[in-house]
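So, here come the structures, one by one.
You will see chain A twice below: alongside chain B first, and alongside chain C after that.
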Partner chain A sequence: MTDNTTLLVGPFNRVEGDLELRLDVQDGRVAAAYANSPLFRGFERIMEGKAPMDALTIVPRICGICSISQSMAAAMALADFAGKTPSPDGAKVAQLLHMVENVSDHLMHFNLFFMPDFARPVYADRPWHGRAVDRFTAAKGSALKRATEARAGLLHIVGLLGGKWPHTLAIQPGGVTRAPSARDKVRLSADLAAFRSYLEEVMFGAPLERFLELETLDQVSGWETGDVALFLSIAQDLSLEGSGLGSGRYLSFGAYPSPNGPVFERGTLVEGASGPLHPEQIVEEISHSWMLGEAAHPSNGMTRPDEEMRDEAYSWCKAPRLAGLTYETGALARQAIDGHPLATALAREGSVRARVLGRVLELARTQVEMERLLASIDPRAPFMRHVKLPSDGEGVGLVEAARGALGHWMRVEGGRVTSYQIIAPTTWNFSPRDERGVPGPVEAALVGAPVRAGEDTPISVQHIVRSFDPCMVCTVH
Partner chain B sequence: MNILWLQSGGCGGCTMSLLCAESPNLMDLFDAAGLEFLWHPSLSEASGAEVRDLLQAIEDGAQTLDILCIEGSIIHGPKGTGRYHMLGGTGRSMLDWVQSLAPKAAHVVAVGTCATYGGVTSAGDNPSDATGVQYDGRHSGAALPATFRSRAGLPVINISGCPTHPDWVTETLMLLASDALGAEDLDSYARPRFFADNLVHHACTKNEFYEYKASAEELSQMGCMMEHLGCIGTQAVGDCNIRLWNGEGSCTRAGYPCINCTAPEFEEPGHGFTETPKFAGIPVGLPTDMPKAWFMALASLSKRATPERVARNATADRILVPPSVKSRKND
Partner chain C sequence: MTDFSETSTAGQATAQIETFYDVMRRQGITRRSFMKYCSLTAAALGLSPAFVPKIAHAMETKPRTPVIWVHGLECTCCSESFIRSAHPLAKDVVLSMISLDYDDTLMAAAGHQAEAALEETIEKYKGNYILAVEGNPPLNEDGMYCIIGGKPFVDQLTHAAKHAKAIISWGACASYGCVQAAKPNPTRATPVHKVITDKPIIKVPGCPPIAEVMTGVITYMLTFDRLPTLDRQGRPAMFYSQRIHDKCYRRPHFDAGQFVETWDDENARKGYCLYKMGCKGPTTYNACSTVRWNEGVSFPIQSGHGCIGCSEDGFWDQGSFYDRVTDLTQFGVEANADMVGLAAAGVVGAGVAAHAAVSALKTAQRKVQDSKKKEEA
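Now for the complex of A and B:
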């Protein structure tokens, strides 16, 4: 490896959407990283001038992988704008749909996006390589096929209740458009049971409840069954517990709200200390973004792309900060903020391994929650409540997508949307530098990543980037 | 046949939908049909420099390309440069790549309504100046000219839908692989006729309500959604209610209207997506191939003939009145 060089890495695949990285490399390690989201479509601009209800059709189409999360945030913002809440059982159906999408994303990330890198020839000398090739070769491995089939089966729940996936219109501010019958309920429970079987037979190789009993890093390191064990042995061999370390700051908007509070708690976690979340302290900065205007809270924000693409900037992504600081968001953050002991320990580690295990843990926990939620749905109840929108006002929808905190801020004047601002999870995680020159979370996590001799797309960088499970189409939107 | 799949200015949802292919799963289906990805952004191992080398080889003619699939709108902005969407690591816009690679492909397939006609990415004031690959809305001629023909002699094959049904994509690719898709198998917007010769209305479970114009007044009610809730299933092409989605789903079965997502310019209906525009109380968009006067006459007649069962169920969220069951004689 020459001492100092710059690498331009892209197209970066097995992430959702477009990503390009610029890496300054010194002495065989990444010295600085710059994450570019190279696609601008302008959904926030598209919403300006529309009737507010059009959001339910338009904004899910920001993203084909987090479509229901976008629906949920839009429906919640509209309900907030109207000062109404959905019918309780309608809200449960919407949440079940949301959980299914989040679980399906975690499953796909592990099997189709993340693990295939370990089947690369660069690891041919490792003891686990043969198994990784058999299970996880991209587009061919046996684990990928099983995961794809299990995911398609799980998404039958969205087919039945939501018509199709992605891009359903079933989720509305007043509830959902289809009232499930008792027959639907048993069919859905069969779909959930099939998915549990897959998880227990293939991914975990044991009852989920056994995995959920794990509380410490030592205990999880001793897990011996399923593809999770294969990942753990690879992680140990490659020291992924020390790779891609984060800042130790996490945030969650709280997942799946219910009358008793969210299923997974809202808040922040900073170097092990939990605290409340103050959304009013969010500011989107644009010093290194190809955007015009001022840094602003999203309720006062604007999206004016810089057509000149000025030299000081390098991404269409804005830089959201909470009280001036970067935060990491995602399954690890959500589970740690919810106080699960294993997640708390993993959040302290803050590594490639921790992010992947955070998702694995959430996969198991959410399966249990989906079963509980479905059982609580009363087929005799109303699933929709009439919601009439006022002509003027504001609404906010804060939800947790698979990849973390997703917020919609909407302002309506004279029956038309005058401002619609969105901060997606990957906007947080893949933000560019801010006004103080502080890099975004993935940019910071890449510093120190080893670059092997002759590598132009360093394998360590690929692991770190994919450990965040970026959704680049949501990032800029 | 090999496939290069590029994602342009879209949401990736057509790939996500494609992965929902069942019986068999996508990978086994490809194996059996002799289809393989040269590269796919969500599925392939290759990243970064390996991909740039592949694209270069196709451009130079060193690598033969059978099928080029493009998902997502083609972004022309700002000011016609295409720089709102640069293909990472290449320093070139996706617009430039598509124009360069399309002539190399035996077939060019646009996947989804963004890639076919512009779609939702081109909604509103179209901030990124998005079009489809060969169509800009209803007009032929966009990133590729109206006269473009791929090496095999076909225009861009437009698998529209937002998203596409997984089978629409896999079956189009299998037909191409078996040399069984010709110009006569495409409709006037270049959509494969095997799905576009059907209407969403066909096999809609609300058809009995439609027959009597027994209408739902609000979402979640069971009646026909044409009169009040914006449903365009009687005009929209697609076999959505015949083959169904994700098991047993479809938009209308889930209780919300067909918004005609397989059509050019569906993203700007000129009214709310779940509202029916009316003139003097009469829906503006009636079935296209039926004389209006006949439709009105039949509608008013059938409305008056509506059975109590159908009328009551139409505004309920579940069946209130079951069909009457004839009792056996001598009971």
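Now for the complex of A and C:
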């Protein structure tokens, strides 16, 4: 390989949707990266002129794996627009549905999207390769089958409470359309128990509570059971703790809001210091996006694709910034902002390993939260409140999808949607450069990644990209 | 016309492919499981037990049919549905049968390797593979809204379709366009049959389709090496000939005039009919009310929300999803029930008319097949 080359990497498989990367390579390392989301559908424009309630059917179809997150954000934006809150027990059911989806996504990411890369022949000389092949070979490994089964079992909960998954319709601004009976509660707890035993037998190889006690990087490095231990030994051998380092800036919209505040806190974390989140400081820039218009807060934003696809731009994705800065979002951000000591330590590391472990930690914590939430649901309570939408106004719905902060901003005039703007988690993480030329989080994290001689799709780049768990269909929508 | 055994014979000459049974055994599926699978398949397809040995024989002797699965403008919900099929056995067997020779969401390879794998599969199984399409091509701006490997998806689609023996359009996107084609259809998202016009296409609509419907359709095609009987819209009649409304467990409430009026009323809790909340069950043909979702646990109406008609063409542009299908005021007695459904069908689409044409079409297809057989003889 020559000293300076440009690589065009894509299509990426085992990511949701399509992604293309342009890499400038110098002396065997990535010198600059440009992330392109090559898929545009125009959901924001489709929403214009529609009845506001239709958001509940249309926007979830942005994505077949985080559709409940989109439903939740739409339902919250509608409730905000109407100046109402859902009935408390209805909100609990909706949150349980949302937790199930987020957990399913983490499970899918670990087993089907991330780990299979270690089964590649390029690692044939590593001591752990045999186990990785056995467990995680794409479409064949033994771990994949168990994970898919466990996930299908867990999604019974969405089937029962939401009617179907993906693209559930039961979540409404006033609550949920299905009131679970006491009998349903028993079935649901059986589903949760089955999922816990899968996690404890396969993923963790030990009681979840033991993993949740871990507080330091040393302690987690010493974890010896389950597929988590296999990942840790691979991570150590490949020094994944030093790979794909982030900016140290994280944000979370706060996950699963309740009358006592969100289950996982809202806020920001900048180089270890936590602070409040000010959503009004969000701006979507478009200097390097094939979009027309001005940089704007999403409540004033618009989506007009640049059909000329001008040369200085390279992605359909806009570039969201908070107070002018890039932020990373996802399970690691969420857990660190919530203050879990292990997550805080991992956030300081900010690596491929940290992002994967952030998800693993959240899997265990969310299982415990789902059990608690289900136990607190009262089948006799009302699950829906009457919500009448005004004909004019604005609404905002901020939630946490599996991959991080998701926001919907809607404006309604004369009973019709006049503006609907969405910022998805992967829009934050895979944003292109902004006006000052500052690269997005993934673009920045890729700088320095080693490129081996003859590699056209560098393996290190794949680990880094997948550590963010991109959902490209959400990114541009 | 729908039988394509001829082309597959031609295909065999060029590529030596294992039988389904070989593949299954290699994947660790036992003889016992295999036989169980054959009975399940017969049951799922509505065939009598006499078909079980026929299915088994076919699978032991027929070469495996390769499948190429491509993704266009989409949300991947069809794959999501498929990999969670109710019967783990059926899913495993089907997955091992088709082994998704090329699928960019699940496969191991990436980048140029992946592109090479696609080319290799097309070349190796020319004229003998089934092309499964999830999503659709956007045609505005020369297809630039969906780029795969540096080229518009529409190019990949036409290229892969050229040597396919049949095409499956998975889901509402590939079949009809779906919500991404909703007004103003910013990218001109276009269903597959409007781009590929010279191949047999089977539409399996729904957003997403039910997992069991997907495995059922593909099993039928692989086992019998021909398309299942289609309705006038090109959907497999075995799964799309029932109106949701006719098999809905809330139908008695419709007939008795008992309706949910608002989401939070007492009638909602009692599980009354959702017609007044905009349920499109009276104009929708799908298997939701019988097969149900997520391993058979429920379906949208059972969760207290009306059907949105996601397996019908144009469901996304029929006014609000919460509008009633019709403004009829006289209903509530049994004698009127079907009139309501029929009138509503007139408003929403040609669903009923299409349904009525199915039986005629079946006869026509049978005639075509019979005459073809005669010619061959």
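The rule is short, and it goes like this: the second predicted complex is superposed on the first by the 477 of 477 C-alpha atoms of A that agree within 3 Å, B and C clash if a C-alpha of one lies under 4 Å from a C-alpha of the other, contacts with A are read in each partner's own complex, and residues count from 1 in each chain.
Following the convention adopted for this analysis, a residue touches a chain if its C-beta (ideal position, glycine included) is under 8 Å from a C-beta of that chain, and two chains touch if they have at least 3 such contacts.
Keep in mind the model is a prediction, meaning the values are calculated, not measured.
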{"item": "Fit or clash between chain C and chain B when superposed on chain A", "value": "clash"}
{"item": "Touching partner for A:Leu169 - first (chain B), second (chain C), both, neither", "value": "both"}
{"item": "Which of chain B and chain C A:Ser181 touches, first, second, both or neither", "value": "first"}
{"item": "First (chain B), second (chain C), both or neither touched by A:Leu19", "value": "first"}
{"item": "Touching partner for A:Gly393 - first (chain B), second (chain C), both, neither", "value": "neither"}
{"item": "Touched partner set for A:Gly248, first chain B, second chain C, both or neither", "value": "neither"}
{"item": "Which superposed partner A:Leu155 touches (first chain B, second chain C, both, neither)", "value": "both"}
{"item": "Partner chain(s) touched by A:Thr57 [first = chain B, second = chain C, both, neither]", "value": "both"}
{"item": "Touched partner set for A:Pro450, first chain B, second chain C, both or neither", "value": "neither"}
{"item": "Set of chain A residues, in rising order, touched by both chain B and chain C", "value": "8-14, 16-18, 20, 38-42, 45-46, 49-51, 53-54, 56-58, 61-65, 67, 112, 116, 119-120, 137-139, 145, 148-149, 151-152, 155-156, 158-170, 172, 175-179, 305, 307, 309, 316, 382, 384, 386, 456-457, 462, 473"}
{"item": "Residues of chain C defined as touching chain A within the complex", "value": "71, 73-81, 83-84, 88, 92, 95, 99-100, 104-115, 138, 140-141, 144-150, 178-180, 182-187, 189, 207-208, 262-264, 268-269, 288, 292-295, 297-306, 308, 310, 316, 319-322"}
{"item": "For the chain A and chain B complex, residues of the former touching the latter", "value": "8-14, 16-20, 36, 38-42, 45-51, 53-54, 56-58, 61-65, 67, 108, 112-113, 116-117, 119-120, 137-140, 144-145, 148-149, 151-153, 155-156, 158-170, 172, 175-179, 181, 305, 307, 309, 316, 382-384, 386, 456-457, 462, 473"}
{"item": "In the complex, chain A residues that touch chain C", "value": "8-14, 16-18, 20, 38-43, 45-46, 49-51, 53-54, 56-58, 61-65, 67, 87, 112, 116, 119-120, 137-139, 145, 148-149, 151-152, 155-156, 158-170, 172, 174-179, 305, 307, 309, 316, 382, 384-386, 456-457, 462, 473"}
{"item": "Of all residues in chain B, those that touch chain A in their complex", "value": "7, 9-17, 19-22, 25-28, 37, 39-52, 73, 75, 77-79, 83-90, 119-121, 123-128, 130, 162-163, 218-220, 244-257, 259, 267, 272-274, 317-318"}
